[in-house]
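Notes follow the structure.
Letters are used for the chains, namely A, B, C and D, taken in the order the chains are written, and counting of residues starts over at 1 for each.
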Amino acid sequence: MNNPKKTNEFLYFALKNKKVLLGLSIILLFLILGFIGPQVNHNKPMDYVDPLGAQGPSAQYWFGTTFFGQDVFSQFVHGLQATFLVGLIGGGIGTLVGMLVGFVAGYRGGMVDEILNALTNIVLVIPTFAVLLIIAAYLHVRSVVTESLFIGFTAWPWAARAIRAQTFSLRTRDFVDLSRMSGMKSLKIIVTDIAPNMMSYLVMTFILQFGGAILIAATLDFIGLGPTNTISLGLMMQYSVLWGALQLGTWWWFIPPGLAITIIVGGLYGMNVGLDEVFNPKLREL
Amino acid sequence: MKKQLYVIVALVMAASMVLTACGAAATTAAPAPATQAPAPATAAPATAAPATAAPATAAPTAAVPTNLPRNETIFVSGAAWGPASTWNPFQIGNLSNTSGIIGLVYETLFGFDPLSGQLTPWLAKSGAWTNATTYDVTLQDGLTWSDGQPLTADDVVFTYMQGKTNPAVYFTGLWTTEGLTDVKAVDATHVEFTFTNPIYQEFTNNLYNIAIVPQHLWKDKTADDLANGTNANPVGSGAYLYLATGPDRNVWQRNDKWWGIQTFGTPAPKYIVDIRTSSNNVALGMLLKGELDLSNNFLPGVASLVDNGYAQTYFPKAPYMLAANTAYLAMNLSMKPLDDPAFRKALAFAIDVPTIVKTAYANLVNPSTPGGLLPALSQYDDTAVQKSLGYSFNTATAKKMLAAAGYKTGADGFVMNKDGSKIALQVTCPNGWTDWMASIAVIASSAQAAGINVTAATPAQGDWNTALQSDTFQLTLQNNTPLTNTPWTTYNALFYHPLPTDPKALEVNGNFGRYNNQAMFDAVDALGRVQSSDTAGMKTAVSAIQKIMLTDMPVIPLWYNGAWAQWPASATAVWTNFPTAASSAPTYPITWNGYWQTGGLLTLINLKAVTPK
Amino acid sequence: MRRYFGRKLLIYVLTFILAVSIDWMIPRFMPGSPINLMMTRISMNTSSPGAAQAVQTYYTHLFGLDVPLWQQYLNFWNSLLHGNLGISTYLFPTPVSKVLSNAVPYDVALLVPSILLSWYAGNKFGAFAARSKWLDNTVSPLGYVLTATPYMWLGILLAWLFGIVWGIFPIAGAYSFLMLPNLSWPFIGSLLLHWFLPFASLFLVGFGGQAIGMRNLIIYELEADYATYLESLGAPRKLIRDYAFRNAILPQITGLALSLGVVVAGALVTEVVFSYPGIGYLLLSAIQNEDYFLIQGCFLFIIMGVLLANFIIDVAYVIIDPRTRRGMTGGTA
Amino acid sequence: MTLQVENLTIYYQTLRGDVHALESTSFKIEDHEIMGLAGESGCGKTTLGTSLVLLKPPMKFVGGRVNLDNEELPIQDMDKMNSFRFKKISIIPQYAMNAMNPTRKVGKMTAELVRSRNVHFKDILPVLKERLELVKLPESVLDMYPIEMSGGMKQRMVMVISTLLNPSLLIADEITSALDVASQKAVVEMLVEFRNRDCCNSAIVITHDISILYQMADSILIMYAGQLAEKASTDVIIHSPRHPYTKMLIATLPEVGVRYTEKQLTGIPGNPPLLLNPPIGCRFRERCPLAFEKCVEVPPFIEIEKNHFGACWKEFVTNA
């Protein structure tokens, strides 16, 4: 995949693939919404803009207001931003650490591999959510970024494992041998020979990590261990439940955040399968 | 492979469900023997039920019914926020999840009626100071424990003695600082308390808070038992008996042999199921579905429900609720500019309490009087002082006062310290306490409107708590001023003394701003030493306190948190005749820990079943 | 094969030690003291400062926080091995182990059936979706949506629709508030009624994930060389699909092990939504009350549960996969 | 005659258009003939082989007829074709190493396969055992999983399976490329032995390694860029080839018996044309030293001598 012609070819197939297109457009749609939203709607997410709270959707408040008279739409769009941030940072770190561990373990093999692999398996069995939970529980000031960091640093193992396997299969290929014989540094080999040849794999890994991070963040937020200094989709759900949105039937408070997460993550997953078809000609539909 | 999977799945499902059933059963299996107390004969098969798996033994028995008849059961909520963990009346702090152990099972010498401000008879028929240092209590006749033993003066003496002999008991202060020197039984129904220089106000408070325990069952308990013992299967003298407990409920059964039936009448519900709701919204939902008969949760939405006739509250319109405690703004008096009374006074004028009442509480609360005393104690307020020195929301006035006090406005439109340095204050409350979060938002914005740069922050509860106790906060909300018989508890909490000598030491009892003014301390002590019967004396003492308080403004009382109570409107209701402002003899309809003595039990006695069996 | 299990066991032991250490460490090196909080909860309004101090020191000693760290660590292990997880501050004076044992059955009842059923049904469904491109494009999306749904949101929706709008199912507690636990059919019925919605939300999300997983694996298997070979020898579609399914099941078993962590997380929030008295519900209260003995207990319990489940799955894998059974490869960790 | 192919044309569908992998090819195979099919990789030899057995997308049938034992093969019809597969025409695929289900014991898989073709395993068992003996595999392999077998064993096992129902035509695709020289020789000999024992009537042996054909094939068919170049008896192709491409190909052969790797075959200057819109006329002409104007027309593949077919204008001209 390292030569341009091929890359174009994949781009070409990617844009022909319905799943990829659908997923991509969903992401873009929400991304735009998240960044245009604050421009068209100037209410601050936490401000108590409407004296009589819990009003349904209206021309003034598109998604209605919370029990305290906060603007749900404003919370929603700001929440979207937080969501994408978590996905980007959390998913990014998850992928990067996974790559680092996977490449080194897979390429070096031997003792290094043994250790890294053991580590991977350990972190893999530990229910990372539980770890996140107690960390968050005791870490009293939390921001979206810190949350993402923790998510990223607990989400890497399966990526590492997958990448390790791929690297294994690649390191014995003759073009790698060639570079090795030509005395190239391991790092350089990884960067120039191995990584490009599993670009597809890395892209897909990142997408999955992205979606995973979003879900974990939402879950943490929901039990009140999310960011303490801003709004997020998960927090919206938490507040709505805490403040009787179900019982009072203020559905506009708890439907949008969950729906958005579902659509975004669903889109990502669909896109992933689409890319899979793109990168594996065997699976391509014609 | 298919078949195997089917079998596995089937097996596991069955197994796990049974497990659950047993596990659930196990939760009563432990305390179940309690039921042996009322009816040893029938209890045996009942307690065996959970143990043996045969459905046959599950047949309801007189002692432990497995299905409570709805029309004899009252569902209450709002007291318990966790599974019951102790039935030991000496562990007041941990009883909140077992609300009723004091009041339903164990009884106090007196009750207290916040609406009249008077102590009411309970185990004691009457009590009086025979002289400045001697208090005589006369017990009711025919008092009995639920195991049939008589309750006598010796039990009272035994109970109060625990404070002398056990450091871990919470009322050791009776002996160490309140001046109690001796308690003795004159005869079976007379107890005599002897003091030197008593704190009358606090002792009066103790009289309806300390639960009397049976000497014949407690005399062998060690200090450790008193401090950590769970006292499972409690045997008390009260109107209800322990029946069962679960992770989300406590179940009490009426004691039909209760000594008080002749004196006070029979509580209407045969069973009380005290439900622990995971959050207020669950209570709201259950209330709407008629699955709760009395909710003591804070339900912000309830105002509209009452207006639309779905639910009822004590008042038919705002504030809907009786008052339970005073929410006030605590200030760190050791930092600039909060060390300047003039600044604090201006801040008091700057805070927009009306908006807090409207947005954060949907009109479920009332603003507080500057003196901070609950309406129940308003008779002691010095209205003159409050008029002359008091405050009310007025941005303009606040600005004037700041200017007058010499605070210049900086380029950013906010006032600066007198040395020209910027002022940036932070008002906090624990994250997740949403009504308070909304409130501090209003405090911040209204203060800014008056030119005081205040921002709101919501640290985690632990941090907030540490900051509060270690005096590292700036501005924060507090409400450790419970409803009691005396202004003394309120002011003792606000101006608690002596302050810790080491400034780093934690202060857990109150006076979090560490207001250090001997004149105030003396005034509070003076109030404490006025006899509860001496209303005039109390008024003078309170007046002295309020003068200093409103001059110095060490704290800013803001609003009264409500004694949250709501019940379904009659259409769906199982129980009726709840107390309202219209009732002939209204009571506090509260089931929280410590409120059974202040009207909770009386409320149950006055209830009527809508469809009597 | 012995070597294989040896390695496994080693990993598990290491994991456990690590987990226990994290568990011990975090509360001690994070801000906030549970004792203080407990003091405030006791919030004694009395004229005698002495009392507060006395009680404070009493608790500090009781919770063993008055000895050097290293000793606390050793004590921690020691009492752990004696099954003693300390005393809950928020449910003082109940031992943590007791609190947990009351909650565990509800988790078992939720997790075990939902995991196994969603795994089984999901695999079937995924295989079905992979039968044809047409089915794949029409049926699989359901899988993506389900697996992308946050557990609590599905829970909220179900609670709202079935609990409040239609009022079919109760949405709070584990059994009717009119009942006392007993082994009678009505009681078990009530248990099931309260159990159903939380179970359903766990099941549905899991179902989606498993279905998609199986679908992807089968698509690959059907393209595998052995499938083409059989095809060119005129073997019927049925035989080939059958092989593909059997081969895809194996990675799905390992997949199950890996998904456990997520499912547990899902169970925690689901229990919160339905205030279902399991570990998750407990853990939330523990966190809100900063009861770190209870938090530790819950955490340890979850760890042990997941480790155990992982081990069971490993064994199952070895038994089901002929290759590991023959001691050929290590399967997948 | 066994197999008769007429104007068979097969394309590969891609999103960019059709790849002309096989252009109107016609040839015959006689009874008991083992025909080698050789050419550079990507010249369409595998396409030819597989299209006869399993013609499925992205492969596309464009035209032509195929007769096996005077019966038309419905190769373009996946379902109709089923009755012929395995029984009349069978294949040893390139990927023999992974051709067996990894999670089934070889014997069990064979049994299930045979049964699925409505043949009683019991009836076939003796044959199976005899064939195993023939390829020097112990009966115990039937109780093995593929991963328990060496490459050579797998290759031979697949050989046995593919020929179990005595197909009339066996297509053996690169059966040696995965093996070391020693086992190559063995496999080659076994294939010949199979033919001699009528395990299959005739066979097409697809390979890029002409040297093994020399050891076994009766005739050799040379392909270039989707077109047939030349077909004749092995001796003729090796010693007196007529088509310039064959000549160059043979010229690059060192003494017979040495193995070839794909790299060496491209020792001929220039590269084969891309088959997505290929050049008109003789596709070899860019690389052909003798190319002349006539070559812009497609040369027919005709018998230039007895049993010696070729497709080159030069040949026709010199003989005219």
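Things worth noting here:
Operating definition for what follows: a contact is a pair of C-beta atoms (placed from the backbone, for glycine too) under 8 Å apart; a residue touches a chain by one contact, two chains touch by 3 or more.
Small disclaimer: the values here were computed from a predicted structure and weren't measured.
Taking the definition of touch as given, a chain qualifies here only if it contacts chain A and chain D alike; those chains are C. Graph distance from chain B to chain D, where chains that touch are one step apart, equals 2. The most central chain, judged by C-alpha centres against the centre of all protein C-alpha atoms, is C.
The interface with the greater count of contacting C-beta pairs, when B-C is set against C-D, is B-C. Each chain gets a centre from the mean of its Cα atoms; for chain B and chain C, those two points are 37 Å apart. Our note on geometry: chain C versus chain D, Cα centroid distance of 56 Å, whole angstroms. Chain centres here are Cα means. That of chain A falls 22 Å from that of chain C.
Inter-chain spacing, taken between the CA centroids of chain A and chain B, is 46 Å.
Multi-chain contact residues of chain B, defined as those touching 2 or more other chains: 279, 285, 432, 460, 462-463. Of all residues in chain D, none touches 2 or more other chains. Residue positions 140, 224, 241, 246-247 of chain A are each in touch with at least two other chains. By the touch criterion given at the top, residues 50, 53-54, 56, 81-87, 90-91, 93, 95, 98-105, 112-113, 116-117, 145, 147-148, 158, 161-162 of chain D touch chain C in their complex.
Every residue of chain C that touches chain A in the complex is listed here, in rising order: 10-12, 14-15, 18-19, 22-23, 26-27, 30-32, 133, 140-141, 144-145, 147-154, 156-157, 159-160, 163-164, 212, 216, 219-220, 223, 258, 260-262, 264-266, 268-269, 272-273, 283-284, 287-288, 290, 292, 295-296, 298-299, 302-303, 306-307, 310, 333.
Considering their complex, residues 279-281, 284-285, 288, 299-301, 358-360, 362, 431-432, 434, 438, 441-442, 458-460, 462-463 of chain B touch chain A.
Only residues 117-118, 121-122, 124-131, 133-135, 137-140, 158, 211, 215-216, 218-219, 222-225, 234, 237, 240-241, 246-247, 249, 251, 254, 257-259, 261-266, 268-270, 273, 276, 282-283, 285 of chain A touch chain C when the two sit together in their complex. Of all residues in chain C, only 31-34, 36-52, 54-56, 58, 62, 88, 90-94, 99, 101-106, 108-109, 112-113, 116-117, 120, 163-164, 167, 171-175, 177-188, 191-192, 195, 246, 249, 272, 275, 277, 281-282, 285, 288-290, 320 touch chain B in the complex they form.
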